[in-house]
Amino acid sequence: MGRTARRSYTLDDIGIVPTRRTRSSADISTAWQIDAYRFEIPLLTQPSDAVVDPDTAVAVGRLGGLGVIDGEGLWARHAEPRRVIQELIELAETAESTEQVVAAVQQAYSAPVSVDLLTEAVHTLRDGGGTVAVRLSPQNAGSLAQQVISAGVELLVIQGTIVSAEHVQGSGEALNLKSFIADLDVPVIVGGCTNYQTATHLMRTGAAGVIVGTGAGMTSTTDEVLGIEVAMATAIADAAAARRSYLDETGGRYVHVIAAGDIATSADVAKAIACGADAVMLGEPLSEADSAPAAGWFWPPSAAHPALPRGYPLPTGSADVPIERLLNGPAIGADGRTNLFGALRRAMAKTGYSDLKEFQKVGLSVAH
Amino acid sequence: MGRTARRSYTLDDIGIVPTRRTRSSADISTAWQIDAYRFEIPLLTQPSDAVVDPDTAVAVGRLGGLGVIDGEGLWARHAEPRRVIQELIELAETAESTEQVVAAVQQAYSAPVSVDLLTEAVHTLRDGGGTVAVRLSPQNAGSLAQQVISAGVELLVIQGTIVSAEHVQGSGEALNLKSFIADLDVPVIVGGCTNYQTATHLMRTGAAGVIVGTGAGMTSTTDEVLGIEVAMATAIADAAAARRSYLDETGGRYVHVIAAGDIATSADVAKAIACGADAVMLGEPLSEADSAPAAGWFWPPSAAHPALPRGYPLPTGSADVPIERLLNGPAIGADGRTNLFGALRRAMAKTGYSDLKEFQKVGLSVAH
Amino acid sequence: MGRTARRSYTLDDIGIVPTRRTRSSADISTAWQIDAYRFEIPLLTQPSDAVVDPDTAVAVGRLGGLGVIDGEGLWARHAEPRRVIQELIELAETAESTEQVVAAVQQAYSAPVSVDLLTEAVHTLRDGGGTVAVRLSPQNAGSLAQQVISAGVELLVIQGTIVSAEHVQGSGEALNLKSFIADLDVPVIVGGCTNYQTATHLMRTGAAGVIVGTGAGMTSTTDEVLGIEVAMATAIADAAAARRSYLDETGGRYVHVIAAGDIATSADVAKAIACGADAVMLGEPLSEADSAPAAGWFWPPSAAHPALPRGYPLPTGSADVPIERLLNGPAIGADGRTNLFGALRRAMAKTGYSDLKEFQKVGLSVAH
Amino acid sequence: MGRTARRSYTLDDIGIVPTRRTRSSADISTAWQIDAYRFEIPLLTQPSDAVVDPDTAVAVGRLGGLGVIDGEGLWARHAEPRRVIQELIELAETAESTEQVVAAVQQAYSAPVSVDLLTEAVHTLRDGGGTVAVRLSPQNAGSLAQQVISAGVELLVIQGTIVSAEHVQGSGEALNLKSFIADLDVPVIVGGCTNYQTATHLMRTGAAGVIVGTGAGMTSTTDEVLGIEVAMATAIADAAAARRSYLDETGGRYVHVIAAGDIATSADVAKAIACGADAVMLGEPLSEADSAPAAGWFWPPSAAHPALPRGYPLPTGSADVPIERLLNGPAIGADGRTNLFGALRRAMAKTGYSDLKEFQKVGLSVAH
């Protein structure tokens, strides 16, 4: 009566509807290109210390995806990050209360960011041969961006749980994304956002890509803490609509939409693209890889917040899947948690589409 | 075919939608003012003996909220209420059937209300320095109101599960809220109600605030016993609409809407305000406070009904959270059960609103 | 695309919405009258051997309701029905497979109906002082009706899972309800039906009451076996609409609507009346009475079907509730399973209605 | 905003609504005829090695249904298929991970198809006296069809998870269904498909029947792997609409619609017909038959896929139901898993319909 609310849908709510045509998997391309960088599979890694470090990022790059590392992660704060991660996992396995675990995570992330460590990590990435992508938080982007770019970063990801083009601050200076991006020499991906209006404003900052979603998965509690909930199918479709409007408004500037959050299986990957995403950013699903820093465990970047943590290290499943089978198959088992992009390829074949851009038009159904 | 029913939504059904703007938490005010009384956080305690007694009410006041104590609670019936509460909990822990527990609760509340004990409790509150607020039932408000006001009560809460402005009684006298409130020297908050029409009528009684909802939570069984169910998101939005109409009708009298029931996490607090509430009344969520009289246990006031009890003492979780961290943080763990109002502040920041009145306009989504 | 389906609602889907008025429970009447018979509570017993036999029916009558016994039940087939029931329960407690239990139930009900036993039971009922009501199946009503009426039956209930006014049979004679009812000297209640059209046709047979629903509860499997599902809130509202149309069509003949099925708590009783029922027929909820023949167990009449049984004896809860507290309170515990009609009275009071006919107009909400 | 999705319903979402008429079960026919072949019950077996082999197919034929065997099944690859099946089950019972089981299934199905074994199986079927029906995959239909027809196949089933009339292939030849079917001397059933457009195109290939659905049940994971989900009630209704349009378009060619997938109980069988299917194809529900090759276990044909398996052997329940009771009753127990077609007959009787074609018009309701 007094309020209206918009009906929204999760990826679970929807299904892909086959068409009257099918194709061979062999004739299908899952390639994705942003700015000058081309990738064989539409994958970015979520910059969580649990799943990606410079070594993993290099491996992901060789398999066709884009490994994004957290410029404010444990790698940038500790000389022996793997030891810190092991200690967090051991504590999580034995702690009597989750409060202890949350406190230990906050502690580990309270160490200062070291520019030396960051630079070293970037070098490892660059030497590995893939595209060098680093994530910074909106709070610290201003102070750290030039340094990481000097160190060789090719793609900058500015990502918080919720980011806006217009951050109002009573005192002190806030990050002006538009002028900030204009001053940089590298393409920038920004996010997350969750609706048409914010996506449009983020596109207008000059970003090459916009992240949709808060990156949340099973191990995140943003919805219980803040009440901010994102129904990803609706959020992606909204951002894709913003992409079309902005394309028209600018006479041809195409800003990529990257879906981050609530993507657990190969079916979810296919549905995210089907809803209009150009690529997906995966965190939790990569935690089963044997090469993941915290193999078998995951926590979101927001777990480190000093006053309002959202999530903490939780076990996510097996820890022994080779990353190549996880991404490109053949599948291990039949639960949709491996061969994530081989299954995308097959879903496209079964519905008769030959590239990602076409597949964004596939029919969708909504469960009752 | 023969009947129409209105579609309604719970707080769980809805989500808060970010806008294109964000703010710093530091620039945000969660202050709330009713009549001459101003509070830093929009909190009233549910007058349940399980969570609030004069001492807790004083503590809540110091932390910025309003502690409401039950004028017909165990405090007003027993010289050693803490002992009675301990006995109820011990029985609940060992009883073979819930029937025994229900009967013991009924028994404990069958002792007569003592005006001396009530007066003593009010003095404790007044000496504590906060606003002195006491709840009376509609049945007993007539006989007890003047006494508690004489004892120093500043805000009177008249609250039953369901209260109406127009109680029809064949014989005997019923409480005429309008003339009753007109005769009192203190502002009155009345409720609960669940829809537009009743909220409007309660506003017309001259009340300073109207309670929306029956105060139900996990430990209440009103819906199983009476079939009266309240979808809080809809009920709050309805009452907020009534507030607007009444504001217009009276040329400016603003009656506060207080949401009571089905609020379990900080997300629910934020959603209740987002739906249009001016403040929330919390019971169960406060039962984890180490200072709660029945720390770790809860029962609703309706558990004491002699013929049709709805609820009984049930364990609700830990019992060792300092009340200040429960209300204002920092959070313990990541489940949204602590730092309830710090998280509200952050939800407002993330969506770009600087005060509660503005935040009532934030966008809402409805899960499929 | 090729088919349309009507949206329908269960009692669980809906909630009762309070009005701007409340009343005292003392001023409320739950009386119900059908033909010349008046009852203080709107209760008929489901004619299941598990919950009602002549003795229980007498007790129910004394408490204000109408006890209906099954004219084709174990009472009419065995000289010692209580022993047969005990054996069924003992088997159900120890059997290795439900198939054995189903077979034993079929066996017990394969004994022939004895007119002597039936007559004896009717005498017990008549001597008990209440209204004498017996249920017959549509298949056997033709051959048994005159006998039970001669024995003193005052109200005849003709009830199958699904009954229609128009039973088409290729060979042999079918029951013509209209001429059958016209020939009888007693009022007849018929059912179950589940929609407007069938209810209308059953009303046109001259019945005094029409049963809505298949009598199903937790222990019935009609929906899994036949696919025939009844969303009771919709079915009751439909039948009430048929009642209004038929009232208009006949210039004043009021046919009572009796809701049978999916009523488990006092909330469900209140909701059934709120949807438009004049009375409820209860089976499973009465099985907790200490006086029930199979106290603590229940099976529906359809459990006895030789080729397609739907349900079998299942434990339903405690077996020690005095029938008077079950019906009229005070409640034992707070789960809505006792004080079924005291709670109805209170739900009416809380929403401001003074009799059942008025309460049929109370507002309803549908959960999202 | 940017995308539209069609609302769709599963068989669980809907219910059958009785009419104002009932009939005797004795007057009802469940007969179904496709091309020159008439069947007493509208049943095709899903061509899964777990439930059907030549012997079972003969038994199903004697009971009035159509046994379809998998022309590329274990029977066509191994001289002792029963031993292979036993080994798979033993492994599934003891394996430490599902990955091992999946790998063993892939291995068992990697043996080459032997035309001799296939021919021998077809002879067994023909000698058994029923209609000889064999399934081939779209990939292998071109190379194997003439051989199985020469061996005596009377009905050819070309079935993959998703099949289209128009398979686009960059290189190599794809199966042109239209010319392929035109060249064959036997009627062809093709599928699965899931929507109106594809069903129409498959009808235009000259097929005698079109399969709706992917054949999925509890043991399939197609939805988790590919994101392709089929809400069967909607899919069947769509295909039935395509049947009507095509009937009109061709001036009288009636293509049968066969529902395959998500049919677990007799209620589901009745609902599938009620939605517009002419017959149902059952797999998992037949796995409880004592004569099933893998009695008590099931896996879908798609479990054998070398790179993207969807499903693996899982236990499904008891393994000791005589196939005649499973299909035609009397029922064992009351859970709708036996007497599948006797219950269909009764559902038709209870709603007053005398044949399947009429029953396709029965009313449907959608649960809230």
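Each chain gets a letter, A, B, C and D, in the order it is written, and its residues are counted from 1.
Heads up, the rule we're going with is that a residue touches a chain if its C-beta (ideal position, glycine included) is under 8 Å from a C-beta of that chain, and two chains touch if they have at least 3 such contacts.
Here the structure is a predicted model, which means the values were calculated and not measured.
Q: To lay subunit B over its twin subunit C by CA atoms, how big a turn is needed, in degrees to the nearest 5?
A: When the C-alpha atoms are superposed, subunit B turns by 90 degrees onto subunit C.
Q: Taking each chain's centre as the mean of its C-alpha atoms, which one ends up farthest from the centre of subunit A?
A: Farthest from subunit A by mean C-alpha position: C.
Q: Could you check if the interface between copies subunit A and subunit D is built from the same residues on both sides, meaning over half shared, or from different ones?
A: Different; most numbers are used by only one of subunit A and subunit D.
Q: For subunit A and subunit B, what's the span in angstrom between their mean Cα positions?
A: Comparing mean C-alpha positions, subunit B is 41 Å from subunit A.
Q: Let me have the rounded angstrom distance from the C-alpha centre of subunit B over to the C-alpha centre of subunit D, please.
A: Spacing between the chain centres: roughly 57 Å.
Q: Which residues of subunit C are in contact with two or more other chains?
A: Where subunit C meets two or more other chains at a single residue, that happens at 9, 234, 366.
Q: Among all the chains shown, which pairs meet the touch rule set out at the top?
A: Those chain pairs satisfying the definition are A-B, A-D, B-C, C-D.
Q: Under the touch definition given earlier, write down the residues of subunit B that touch subunit C in their complex.
A: 1-10, 13, 97-99, 102, 161-172, 174, 193-195, 197-198, 200-201, 221, 223-231, 234, 303, 306-312, 366
Q: Applying the document's contact rule, which stretches of subunit A touch subunit D when the two form their complex?
A: My answer: residues 9, 14-24, 26-27, 196, 233-234, 237-241, 244, 265-271, 274-276, 329-336, 339, 342-343, 346-347, 350-352, 354, 363-368.
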